[in-house]
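When the chains are written out, they are named A, B, C and D in that same order, and each has its own residue count from 1.
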Amino acid sequence: MELVLTALGLILAGGLVPLPMQRWSTGARATHIALLAAGCLTGMIGLFLTWNQEAISAFSCTWLQVLPLALALDSLTAVFLLPVFLLAPIVALYGYQYLDRDVSPWQTGAHQLCFSLLIAAMVLVTLADNLFAFALAWELMSLASYLLVLYDHEHEESRRAATLYLLFTQAGALMIFAAFGLLFQATGSFTFAQWGQAPHAVKLTAFFLALVGFGSKAGVMPLHIWLPHAHPAAPSHVSALMSGVMIKMGVYGLLRLYFLLDEPAPVLARTVLGLGMISGVLGVAYALGKHDIKRLLAYHSIENIGIILIGCGLGMLGIASHNPAMTAFGFAGGLLHVLNHALFKSLLFMGAGAIIQKTGCRHLDQLGGLMRRMPVTGRTFLTGSVAIAGLPPLNGFVSELLIYCAAFQGVRLQGPDALLAMAAILALALIGGLASACFTKVVGIVFLGEPRRPLSSPIAESGLSMRAAMIVLALACVLIGLWPEPFIRMALHGLRDLVAPAAGSPDPLGSLPENLALATRMFLAVFLLLAACRHLVYRNKPVTQGATWGCGFTRPTARIQYTGTSYAREVVEFHQPFVKIRTVHKPITKIFPGLTHYASTVEDRAEIGLHRLLVAPILRVADKLRWIQHGHIQLYIGYIVLTIAVLLLVV
Amino acid sequence: MLEAIFFLPLLTGLLTLCLPVRSGRVVLMAVALLHLGLTGFCWLHAPAPHLPTYFGNGPAGVLVLLVISFIFVCIAPYSIFYMREQEMRSEPIFLGCMQLFLGTMSMAALADHPIVLWIAIEATTLASAPLIFINRSKKALEATWKYVLICSVGIALALLGFFFITLALDRAGIDVPLTFSALNEAARQLDPLWLRTGFIFVLIGFGTKMGLAPMHTWLPDAHSEAPSPASALLSGALLNCAFLGIYKVHCLMVLAGLGEFSGSLLIGFGLLSIAVAGIFILNQPDYKRMLAYSSIENMGVIALGIGVGGLGLYGAMLHLIHHSLLKSSLFLSAGNLVLGFGTKLVAQCGGMARLLPRTCLGFFAGFLGISGLPPFGIFVSELMILTGAIQTGHPIAAGLFIAALVLVVAGFARIATDMAFGPVREEVLVPEQTVRIVPPLALLATSVLLCVWMPEPLYETITSTIAMIGGTLHG
Amino acid sequence: MNTGIDVVLVVILLSVLLSLASSRMMALVKIMALQGAMVSIAPLLLDEHSPLSNEGILFFQLMFLIKAALIPGLLYLAVTKVAIKREVEPIVGYHASLVVGLGLILLSAYITHHLGISLTGDAALLLIAAITTLGGGLFLMMSRTKAITQVIGYLMLENGIYLVGTALTGQSHSIYLVEFGVLLDLLVGVMIMGIILHNINRTFDDVDTAYLGQLKD
Amino acid sequence: MESVLSFGLALVLAPLFPGIILKVKALFAGKQGPPLLIKYWTLAKLLRKGSVYSTSTSFVFRLGPLVACATAIAALLFFPFAGKAPLVSFHGDVIVLFYLLGLGRFFTIAAALDTGSPFEGMGAAREAFFGTLAEAAIFAVLILFFRLNGSLILAGYFTGNQPIAIAGPQGALLILAVVALFMLLLAENSRVPVDDPATHLELTMIHEVMILDHSGPDLALIELGAFYKLFLYAALIASLLKPAGLAGPFAGTLAFYALMAVVYVAIGITESLTARLKMNMVPKYILTSFALVFFAIILTVEIA
């Protein structure tokens, strides 16, 4: 615990120390990264030292004389802390070269401060052990991330996105606090540990209230609306951090609350599972329809949160139905996916950032052929894509397999839970297929083929620090994929302090991790063998270069290539009632048609719904009510008289 | 000793009206510092009042007095340099009235006799009217007229309310002096019907002054038209005095066993105020009016906190302190903006970050604070009020509170970000000046400091304030 | 039964009705002076009033001076300076206002009757007069557009509140110093309103509040 | 050892069976048709040649065939041919298997997009869409099997106490599953009525258009991968059809391969008798197979 607190201090110092040295830009950036890295390393060491300790280490103090602040480090915390400590320095390293050098020094300084603050706040969120500590950390996290989203503040879009984000996060935070308030009222204690004694009804109300708050932070459909706006607006490494780690704090909060409440009612599990499926399938369906690369990735975050929630929901269902294997598989899969998603999503956002930085363009349909121009970015991005599509032998598959296993365990259950579990399997299969469709789209359109519009200047590979960050993450993805056993055990470790293992029960996971490792390595062996054969066959063979065969077209241009829009059109149409496609097309009417064009955009149903059902009516009513402030004093005195009359009559 | 706190500024204020501008400024500064010193002394040593029939040093009053005094010290130097940019003929009036205003507010904070409290609060209206009018523009004229008339009417009703409370005392047939401290002791014997009626009138009367909807109508006009230091003082200090009046009567009600009644009225008015403020903050074209509506909102929050009781009481007191600090800081920043851009319209104020970076820092940080984000204290207070509302069994109030807060943040965030970072204007009329930057930042820093570390005496003052009506902090 | 107080109260009631029906500024000012005088005398004529102390005598003299002379004098000055003779377009017409005034009296009687406190005969009428005055003042402020009339309405409101206080509390707790403070507030208030009136007139060439509707949302 | 042998046998025999399809189709058309070993000759011919690469392509283009073939081979590792224990087998291996095939599809599509040809892009888009739907349908089949057998092991389906076989106690349900699987086989392996490997118009193709630019040994790898994939699906169906009791090492294997031949003949007959569906009908086709399985699942719920 002391080490983790030291880490906190170092991380915060990483934001504060560079402030006075902003004139020396390189030094400030280097200090920032060095301190962050030192802090995260310390934290990591602290985590591993306490990893196998049975006792939960805790820390507490009093704030403003009366408000107790308590921190505790248990296994769930440790599992969620790991990605934070792992990613923060890598993301910061990427930021070293990604951030513009020509912005004002104070802006960079403020950015570094907020960055450190965000990391520290996330550490605090996971450590928090009572109402006030959690609230403080949660709000600090909101503050820091809000300011980070606002970094590109000259753009109107960024400002709108940041405002939207602030609104969602504040509304969500207030919901969470209300839920905590209910629990406090029922138990009379601020401490998390006491809340399990609340009455049944209070627990359910609190859980659903908090679900709204945590869900909106995590980006669960339909509370995700801020997410596809905020992620593209933020600088890419911030998106990487937010998408990779921050939104997981919503999941963390949900899990923490769930275990605190110790409430085995299946309705909780079913809700979480249902939300997970909705987010997963629709998230990826929308992602297919989006062509702004960062917005697409943002929707994939929604999808992956969906997968995590499916895993956790299955785990909860396992608890509700006393099925330890299902519990273990579900939570292990969900928690491992937290780490996995953190790795590959940050990697992908970094790749997107490199593309945007070098080409100045974020629309898929204008890019192309970058694999040969940015080989490192391209290869790492490809790795990330395979990982996020949940394909073996990379890490995304490991967690999805665990979740599948949990779901298949659930098929054995009785009644609606079995149907839900089957639905979860189908949803996972659909998500997997759609995700690989979506990432073949991204990789294929952006990195492969030819540039879809003339490049103004030759495109160079991104800077060394950016490349290093991406390579490290790509290697991590491969590592977990090929050597999954320790990581699966690690994810399962998250449950140690929360779910009492049934006495004398065998390892719930069985030998799955080892077998999985065997299978992936075997595949790799087959692959390498085949590659060697291919190499042998190609020896002494004539290999020539030529143009792509145009199937009879003599003058193919780069613009004739398939675009992201056309690639995804059919799949998106398949989801039609839930996904709204708007087409702008001037039909050909005359014999000699003039210039015509065609454009189609995919709009978010939830966003439209929010606007139509909530925002527009509120604005309309507010506008109508403005006549209250009418300007005439007689009316104002009338209000006073009226108030008296009403109060005297009522009382 | 205690009485000197308000006699001093009253005397020097009258004096300043006749002095030349230059010496008037010196007097203002000196009085501000002296006042803070005196307040600090009285706070820590609690001297007995010379006129115990009229004045007393109850903890609530001392708390409000501390806030007033501290804010005034920050505003005084700012206003001197602000007025210098304005080059106004009537500056002596401004300087004098500032001190008179301070004096009347201090008097209100220290009053223990209901009618004396009433006199002091009515006097604050009169002393601050010239401050609003100082620009002599048509709009300022209109704002002043509305301010004086509406507040006078409202406060007159409060007088009626005090008569009813006196009647309640009469009908109880006990003979105690008419002071709050004496009334509190005899609270149980007072006639409940008249006490209730009295509370209604006091609530409406002082509620008018405090800016509770629907009696708030003067507030946006007056705050937007007054010069910014005056707005800061109105919002940061005056509203608290009016609140103090309501709070004292509410205490009486609680002690008389009518806390349920007065509490639910406060909750009702509080929620209404937050909602009304939210409606007007959305798409508000004038940033000073927006700040004014935000004051209404925060007064509503305080009323709500007091109304729900429990943890909410402590939250409300914290909210009072932090709102004063943040809002006066915001108004001072807004003053720099008015000087720099010469307009109060949001649409014409883009690019603050580029043109007035230090003002922008203060303004934006103030916005974050007032939206309830840490490390500013409003975060704690709103959290406690929300928890308190649920704790004491007002879930519906808590729900409405959440909805209204989100509405307010929605309006405020959009305006603040656009102003800070919107399209950049070409030129600045009056450049930034350190003396006008430091006071708002100092106020912000104080809020942060008080959110990190609360001095023991201040904590004790707050707890003894709320202890009177059974506010505890441990559930 | 004390006829003196009854006469005074009836005069006050009449003054309220007259002020509601009158359109001339000058007449309004004079009515206010009369009302002020009556209001300051009223407590003295009450039965249960204890013999006055020295400071009491001084206070009532001062009150009479302020309410019956100083404030009407200020208003008189304002009206002559502003040079308007009558309220042209009231929001509620004069006949209707008169009816409202009568209704107010009825309402006050009803309220007094239902308060459920035993009042002596005098005090009951006093309370009726007080509430009517109070309501009349508020009504004037809401129904007239000239700023001066609103000030007059405010004065009536204050008179009414003072009478309520007299009726209900019977001076049992009055401290003359405090009462004087109230009076002083009133005086300064009217002075400040006068200054603003003056400025309104100078700025708009009229004291119509219709000009004062610019600040709105 | 037995496992290695059966695996090797499968690897060797896989290219033989597509020849059967060609033969059947030729017979239906009244022609003599190519020899049965035609596919071996094709592969040998391709392996002898060199390759032409488009200037637009990158290493992904070269990786595509390799991964496609490697995944298909790796998938075969899990399969219990003729009831023999497979080389690798564990709880959950079916999921790994189908995800491996997904990986192959991912790289095939990526390689197609790498050429920058609009036709290959079109084929890739179709493959991605139909593949997604087919994957969902296959997982529905897995749910059905799990409900019948309680196993997530491919080998477990056909061995043990309750092997899933059409002759077993729940054979009626399995008829639905077999039909669905056969439909999926056609869809996943680009056979008529979903795709026509023999057509000449690029606009109407799915799989074939994606490999237009591949040549030489790369094309051989792709072909080989396709053979193995088809073999896998056919083997799945054959295992379902296999009657119980044929347990002898030799007789079992023989029966299994005979059933395999039957499946391939069935494919050939289907190809000869049906026409290719309109492209926009393909999703409905796959959803039909999904609906069949789903119906079967519902029935198991009823039974349980």
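Just so we're on the same page, a contact is a pair of C-beta atoms (placed from the backbone, for glycine too) under 8 Å apart; a residue touches a chain by one contact, two chains touch by 3 or more.
Just so we're clear, the structure is a prediction, and the values are computed from it rather than from any experiment.
Peer 1: What are the mutual neighbours of subunit A and subunit B in this structure?
Peer 2: Joint contacts, listed by label: C.
Peer 1: Of the pairs A-D and B-C, which shows more C-beta pairs in contact?
Peer 2: Answer to which pair has more contacts is A-D.
Peer 1: Whole-Å distance, subunit A centre to subunit D centre, using C-alpha means?
Peer 2: Each chain's C-alpha centroid was found; their separation is 36 Å.
Peer 1: Averaging over Cα atoms per chain, report the distance between subunit C and subunit D in Å.
Peer 2: Centre separation, subunit C to subunit D: 99 Å.
Peer 1: Starting from the mean Cα coordinates of subunit B and subunit D, work out the distance between those two points in Å.
Peer 2: 77
Peer 1: Report the inter-centroid distance (CA atoms only) between subunit B and subunit C in whole Å.
Peer 2: It comes to 31 Å between the two C-alpha centres.
Peer 1: For subunit B, write out the residues touching at least two other chains, lowest number first.
Peer 2: 145-146, 149, 153, 157, 220, 280
Peer 1: Mind pulling the residue numbers of subunit C that touch at least two other chains?
Peer 2: Where subunit C meets two or more other chains at a single residue, that happens at 138, 141, 150, 209, 212-215, 217.
Peer 1: At least two other chains touched by the same residue of subunit A: list those residues.
Peer 2: 626, 628-629, 633, 637
Peer 1: Pairwise, which chains touch?
Peer 2: A-B, A-C, A-D, B-C
Peer 1: List the residues on subunit B that touch subunit C in their complex, please.
Peer 2: By the definition above, subunit B touches subunit C via 53-54, 113, 115-116, 118-119, 122-123, 125-126, 129-130, 133, 136, 138-139, 141-146, 148-149, 152-153, 156-157, 159-160, 163-164, 166-167, 169-171, 178, 193, 220-221, 224-225, 280, 284, 289.
Peer 1: Would you mind writing out the residues of subunit C in touch with subunit B in their complex?
Peer 2: Its residues touching subunit B are 116-117, 134, 138, 141, 147, 150-151, 154, 157-158, 161, 164-165, 168-170, 172-173, 175, 178-179, 181-182, 184-185, 188-189, 192-193, 196, 199-200, 203-204, 209, 211-215, 217.
Peer 1: Show me the residue ranges of subunit B that touch subunit A in the complex, using the header's touch definition.
Peer 2: 145-146, 149-150, 153-154, 157, 196-197, 200-201, 204, 208, 214-215, 217-218, 220, 261, 265, 276, 278-280, 282-283, 314, 353, 357, 368, 371-375, 379-380, 383, 386-387, 389-391, 393, 395, 398-399, 402, 405-407, 409-410, 413-414, 417-418, 420-422, 451, 453-454, 456, 459, 473-475
Peer 1: Once bound in the complex, which stretches of subunit A touch subunit C?
Peer 2: 626, 628-634, 637-638, 641
Peer 1: Mind listing the subunit A positions that touch subunit B in their complex?
Peer 2: 64-67, 106, 131-132, 135-136, 139-140, 142-143, 146, 150, 153-154, 156, 159-160, 162-163, 166-167, 170-171, 174-175, 177-178, 180-182, 184-185, 188-189, 618-619, 621-623, 625-626, 628-629, 633, 636-637, 639-640, 642-644, 647-648, 651
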